Amino acid sequence: MSDLRDEIEDLYADYAACLDDGELERWPEFFTDDCLYQIVPRENYDRGLPLALLLCESKGMLQDRVAALRRASVYAPRSLRHIVSNTRVAQADGAVIRVRANYVVFQTLLDDVTRVFNAGRYLDALVREAGRLKFRERVCVSDTVVIPGSLVFPI
Amino acid sequence: MSDLRDEIEDLYADYAACLDDGELERWPEFFTDDCLYQIVPRENYDRGLPLALLLCESKGMLQDRVAALRRASVYAPRSLRHIVSNTRVAQADGAVIRVRANYVVFQTLLDDVTRVFNAGRYLDALVREAGRLKFRERVCVSDTVVIPGSLVFPI
Amino acid sequence: MSDLRDEIEDLYADYAACLDDGELERWPEFFTDDCLYQIVPRENYDRGLPLALLLCESKGMLQDRVAALRRASVYAPRSLRHIVSNTRVAQADGAVIRVRANYVVFQTLLDDVTRVFNAGRYLDALVREAGRLKFRERVCVSDTVVIPGSLVFPI
């Protein structure tokens, strides 16, 4: 159990570093080919409403999202910084490992103080692929609905 | 030692999830019948002044607090999100395990950005009851004194 | 590996507690005599520019820094609170252990809400000295450049 926890913590740290370092092209590789990535406002999630801020249902859609951010988006240079806490393995008895954690992402624009960009919880389903843990699902249930700059970055 | 650490991390994650999910009725169950729960401003704590923002000296008082929040308080819908870090077992050689950790709680009101609600440190005394770790004491020493909305929620 | 991780988490928690508790005189003792402590803005770090907000190249310089803060600086009473997350051992196969982590430091001034003081990442090189892990290098790559109050505290 402790080894699995270490492995999960490493995965989460690597995922956060990928986004914090702006290595977006590496981001889809954390997922299985067939996957679900979603950022959903807490209010919608709690009421079972399907509307998401971002929804990708395959690794290809994640790659499209990265390409769109790289090519099309106009946005000011910024730093993102992930803090992940309260990681909890909810279920690990089958092929799928269900994990929950809290996250807060901070954003720093040039010439501005650092602010909370997004806070919420991760609801994850992990599977092992060629010995490595990958996300089959990462659902980001976002407390934050007012997105500074209206920009939907992966979280 | 590593097993104990995992157990403590699980307890803290579960405690945070209880409050973040708004399951207040479950909150007193983290404590022993005879217990101390306190939110005390750092300045008072450092000077040995007894004044606390919230003080409960038994599980019954915790339950009363929950009932008061449910029944009597008028407050806007909000999300709370706990981040806990720097957990440190200070003493574990007797029946009582003393642990210290840093916490930050974020608050999101509808139609507003996410803000820091409260930051500080937990000073805990844990005991084992029927095989499960429980809080005999949780003292929340709060750096934050200006409480947004003046609302005293459990932390 | 798991033992090393626990040891590193303990070191980081103790380091954070030292600064959060204002025990500045204890801070240089976390470093080897010959050491590097640096707070460098992310933009400079990424471009290889040498300019740092704070640079100390020996334990003596760290002690000087503490003395300067104690004697010379005029600043309002404040609380600092460290959150450290996503700790990752990048290399541990020689005498030097390279670790990376994310940090956010929160500041609370009297009669004000709690705000983000500094966010960024630690890039550390640890060595063992008389059985205890010490910092040979701690490079704080700061996302935050606009420092509230312009005050350079150790992070």
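All chains are identified by letter, namely A, B and C, in their written order; residue positions are counted from 1 within each chain.
Keep this in mind: a contact is a pair of C-beta atoms (placed from the backbone, for glycine too) under 8 Å apart; a residue touches a chain by one contact, two chains touch by 3 or more.
Just so it is clear, the structure is predicted and the values come from calculations on it, not from any experiment.
With angles rounded to a multiple of 5, the C-alpha fit of subunit B against subunit C returns 120 degrees of rotation.
Of all residue numbers seen at the subunit A-subunit B contact, under half occur in both copies; the interface is built from largely non-matching residues.
Once the centre of each chain is set as its mean CA position, subunit A and subunit B turn out to be 27 Å apart. Subunit B has residues 2, 83, 85, 104, 115-116 in contact with two or more other chains. Of all residues in subunit C, those touching subunit B in their complex are 2-3, 6, 9-10, 12-14, 16-17, 20, 79, 81-85, 104, 106, 108, 110-116. Interface residues of subunit A, counted against subunit B in their complex, comprise 1-2, 5, 42-43, 83, 85-88, 100, 102, 104, 115-116, 118-121, 143-146, 148.
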